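Presented sequentially are two complexes of chain A, the first with chain B as partner and the second with chain C.
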Partner chain A sequence: MKTYDIVIVGGGPAGLAAAVAAKEAGNDSILILERDHELGGILNQCIHNGFGLHTFKEELTGPEYAYRFIKQVLDLGIEYKLNTMVMDIAPDKTVTAMNREDGMFQIPAKAVILAMGCRERPRGALNIPGYRPAGIFSAGTAQRLVNIEGYMPGREVVILGSGDIGLIMARRMTLEGAKVKVVAELLPYSGGLKRNIVQCLDDYGIPLKLSHTVVDIEGKDHVTAVTIAEVGPDRKPIPGTEERYTCDTLLLSCGLIPENELSRSAGVSMNPVTSGPVVNESLETSIPGVFACGNVLHVHDLVDYVSEEAKRAGQNAVKYIADGCKEVTGDNVIELCATDGARYTVPSTINKERMDDLLTVRFRVGDVYKNSFVSVYFDDERVMHNEKRILAPGEMEQIILQKKKLDEYPNLKKITVKIEKE
Partner chain B sequence: MLYDVIVIGAGVTGSAVARELSRYETNVCVLEKCEDVCEGTSKANSAIVHAGFDAAEGSLMAKLNVRGNEMMGDLAKDLDIPFKRNGAMVVCIHKEALDGLKDLYNRGIANGVKELKILNREEALEMEPNLSENVEGALWAPTSGIICPFELNIAMAENANMNGVDFRFNTEVEDIKKGEDGNWHLRTNNGEYVARYVVNAAGVYADVIHNMVSADKIHITPRRGDYCLLDKTVGGHVKHTIFPQPTNLGKGVLVSPTIHGNLIVGPTAVDIENKEGNNTTAAGIDDLIAKAGDHVRNLPIRNVITSFAGLRAHESHHEFIIKEVDDAPHFIDCAGIESPGLTSSPAIGEMVGNMMKDMMGLKEKANWISTRKGVKKTEGLSVEERNALIKENPAYGTIICRCESITEGEILDAIHRPLGARSLDGVKRRTRAGMGRCQAGFCSPRTMEILHRELGIPYEKITKSGGKSNIVLERTKGEVSGS
Partner chain C sequence: METRELTCIGCPMGCLVTVTLDNGEVKEVTGNTCAKGDIYARKEVVNPTRIVTSTVKIVGGDKERVSVKTANDIPKSKIFEVMKDIDAAEAKAPAHIGDVLIKDVAGTGVDVIATRNVEAI
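On to the complex of A and B.
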């Protein structure tokens, strides 16, 4: 088997953007491994519009957005293998993969870019009581069946969870002729984008019931009805608030989980908040030369940010190889902390020597905050104080750090991001 | 067609009986109301091969449990199914209950259970560090084991089928009458079946079937048990099967590794009326989580990947009823087969087989095949072994189920074998595709494509598990004309 400098695990938006950036940064030895039968990842089933406003300044569908990058991959002659499952990534960056034609093969890579994306939390992990019939789908599985395979799961739909895929599927199922009766959300706020609530639910008169969950699923063979109930502040159902909906389909959009089995077995340190790898300013994990980007790193709200992040991962992988594959250690490591409503930051550490002039730090908040401030502290000194009319868990936030600003604080140990009322 | 024997039910009991009968020169048919074997009590239980200390001394249950446990090692080898004697501990957490442990030990000895031992607190904690702080002592039963109930059931049925036993699925017995010809006439939704002998292995419906032919009525109560199955990452939380001390409702909530490396927690015990009532309840799951923490510390319950409920076929006297029905000659009951029914199934098969051999004067077949090869598994194969397999059949190079690393080759094997899979659950129980942490979110569209291609089943007709459990309803926009 041919060897490669950079192996990219996953040919979705993150993997594609990383590959293009790595190639443009001067590395010609790149291989993308993709488990599906075409490049593009989850975007292929996202046939709705709204992609690319930041990257291309125009509104594209998912497949169109993906194709912009696929075309670059093809034009640049970047190699890729489809229908290929990566089975293992060893700590020494040997990637083991398998497909029908090549069998099982191993590539000793100089750098690995993790771009595996995420998966949906299934019914089982939610402990929803009731029967276990056909007709229960994660929203993304239903999206694949409808948009790619061309089959309708059912005609009368209840959706649990208001993640973006659930919202998008509420609209899709409606457009395909189904009746979406209700979207129930356990939390007192939606985990999806505001624009999706407006465009996918409000515009179609689909009720969103916050602080509600499914308490029973009926139907021995196939779903026949679902009962939802209001939950209290402890998130336990309140007796007497049950409402029964006859339906044949229950869609679940209850959170996305970065797909990090390979990262874990490689020995990459994980962030328990994001369920993604801990990374430094170069998007490099705890294993030197292993980079992470996209939803495998932390779940994004917009693909534009995935592409931007992945571009940096690709460039940094090339730089790592060009610099001789050395582990960069330094005393000058600044820790990034999220507190007071900010849940996490990506990255978790900054090595000033390796930092670009501008560094985007992304984070999410843990609750809805109105008329609040995103504050940044350099050690104990507040250096940024940006007023925000609304902050919500469904939308990813960012701050931009300037290297020259950090240079003014030579002994800086810790940067803290927090949400403040004033 | 006149059969010598009709077995009603293709769960572990019916399949074990069918396999034993397949040793003899006799024609046997198994009638199953569901679309596959292993669809009732057999599919949802603790998957434990019990040692046999729990059943009442002198009971048939005790005898068949101990015998079934003894048989399991060789049977698992013959039928190529994974089985491991991981040992069980009955954990006492109250000083005043230590005598109960001793009683259990004595009962086990009387039942013929080997190698039992009482452990003190320190010994118990040394063997199993994640036991509760409150442990006072434990009964140690090294012969207890873990097995895959699906594979045991499927393997026995496949082996019976290889040896000439017919299986009729989606065939529900609605009535049974003794004909003037002296044979049993079974009315089903798929026409009439006639047999000289009938074996009733109908699980929670064994009372309904029995009561069709006997004036001496029996009653089977479905006793529901909720379970949680936890991710493989926490499968090693305990090494042994951890039981609380038993109560009159059963063996209590156990915590155990499964043969495939998950952690199982359960069951609860709630008597219900509905024989199809295998729905989980919030109260049941809450109860389960509360109880499991009594004996095992830091139980990683957040790592649950699925919860499910099973129904035990509880007969009022808590004893197996395995005999020819007094007022219905040539009709043999296997009723009240609740825990330890899975463990006992090979022994039940043996007992019924011997009984019928004598009753019917059966002769052994010269060419009976005692072994069966399971679905060829790729997990744990070396790169060279994988490549040899892929060279022979490229389908082994395509992963369909990401979580459990199941290849297309394994799924094809599961479909194209005796009594092969025809549904998503059928594939799942034969290969584990869809049984991992994403619970078939990734693989189900891919498995549907394979079922469609291999069996010619239209997408709309592909089911989760037969009946009306179709996955999709119809095409979104109808067939494209001219295609």
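On to the complex of A and C.
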């Protein structure tokens, strides 16, 4: 049986960046397992531009961004298997996978990097009343049909949810000649990036109706009309506010869910807020030697941050193996805590001995905050107080912790991130 | 004096930028956090431009469609003319990232280039 030091589950942006970083950190025994027939993951269908501003200082489309990393994987001679589905990750880091050539096979690994990404919340999870006719797609499915297969899902479109893929698809369908009638968003704010609202909706005069949801879908065989209504603060439809739109297509862009079935069956501890694994400063899960990065860890809005995070996971996996695959225990573990508007932090704990000089902590807020402060407390002392013109749930935030600052607090037990008005 | 509020689309930060105009002339740009925001705001109020991305049909390749973009930004008012040319085009495999698939699209002086590799089969 062939063994590898590092098995990476997923060949999308996270898996590719983790592989390149691990190779560059000196490990030559790396295998990427990818279930699709090509590397690159979801970037291949994200043909719009705006990727890479942070990583490459230029504006690339999704396929171009993916190819920058694919080329590195090829040039570095990193091994990968396509059309290969990982079935199981055992707690001892034996990875079970299958494909048409090899059948079912097992690979004992010293370290595993989880890079499975996320998937869209489907209609079944949304409780939309009405018939179940053809013409209802998740925004990402429509994106694949239009951009990869070259088919138009429909001509008259209503979109539920203002996630970035929904906004991008509103523009894409419009450019290809469809009439996008309305984007309805249940929440009083959009879950997408502001720039996407400007260049995907405002540019084309597509109305965004906040605090609205779908209350009826008509059509026996195919969608013929969709009714939306305003919702109150309890998110329940307000009678009398219904508006009916004739259409042949309903797109759903109602959130992304990290795809963690494998992590769960491996026994990795999960964070109920992110639906991703709980990780420490090294992006290592509760199982020593199992690392997580990218959208399987928490849903990102920028691929640049995915690549940066994955790079750290790759480097840390190499370090874990070089240090003898030891479980790092120590009482010097600092807990990271998110309160007062901050919903979560990644990572959740910091082991100071293993911390880099600078550590990026990412988090999201739970509501829209204007002219507020992102504050960081070391136990009860406020050590950071950064003013922000705007904080929104759709935009990931970050703080950077300095190791030398933490060293000034030898008895530090808890770091709290919170949003304050002053 | 007239002021206009814009959301900068130079990067995903989405800074709220305020432009002060006097008789159509930009007097001041505030709220931007980088030089890109200043350039974007000045351009956006006078001559808005966009990069257009789409796909072009490709024959004889390992994929049905090749993704493309305008090599530079084009006037916002020309987007649908550019799309018309892109939809009418047909490429022949192979095509590689950066290859020009349509020259001078819709008379904008800008080329449409491939953003993906499609190999001939």
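FYI, the second predicted complex is superposed on the first by the 421 of 422 C-alpha atoms of A that agree within 3 Å, B and C clash if a C-alpha of one lies under 4 Å from a C-alpha of the other, contacts with A are read in each partner's own complex, and residues count from 1 in each chain.
Here is the rule we use: a residue touches a chain if its C-beta (ideal position, glycine included) is under 8 Å from a C-beta of that chain, and two chains touch if they have at least 3 such contacts.
As the structure is a computational prediction, the values presented were derived from the model and not from experiment.
When the two complexes are overlaid on their common chain A, residue A:E395 makes contact with chain C while staying clear of chain B.
Once the two complexes are laid over each other on the shared chain, residue contacts for A:P122 go to chain B alone; chain C is not touched.
Of the two partner chains placed by the overlay, chain B and chain C both lie in contact with A:G150. When the shared chain is aligned, no partner comes close enough to touch A:K23: not chain B, not chain C. By the touch criterion defined above, A:R312 lies against neither chain B nor chain C after alignment on the C-alpha atoms of chain A. Judged by the touch definition given at the top, the superposed model places A:P133 against chain B, while chain C stays out of reach. Within chain A, the residues touched by chain B in the first complex and by chain C in the second are 146, 148-150, 176.
For chain C in complex with chain A, the residues that touch the partner chain are 6-9, 11-12, 14, 16, 31, 50-55, 57, 63-65, 67-69, 76, 79-80, 83, 87, 97, 115-117. Chain A meets chain B in the complex at residues 35, 83, 85, 87, 96, 98-104, 106, 119-120, 122-125, 127, 129-134, 137-138, 140-141, 144-146, 148-155, 176, 215-217, 220-222, 237, 248, 261. Those residues of chain B lying in contact with chain A across their complex are 228-229, 276, 278-282, 284-285, 304-308, 383, 386-387, 390-391, 394-395, 397-399, 402-403, 405, 437-442, 444-445, 448-449, 459-460, 463-477. Those residues of chain A lying in contact with chain C across their complex are 44, 47-50, 53, 59-61, 63-64, 67, 146-150, 175-176, 193-195, 197-199, 203, 301-302, 389-390, 395.
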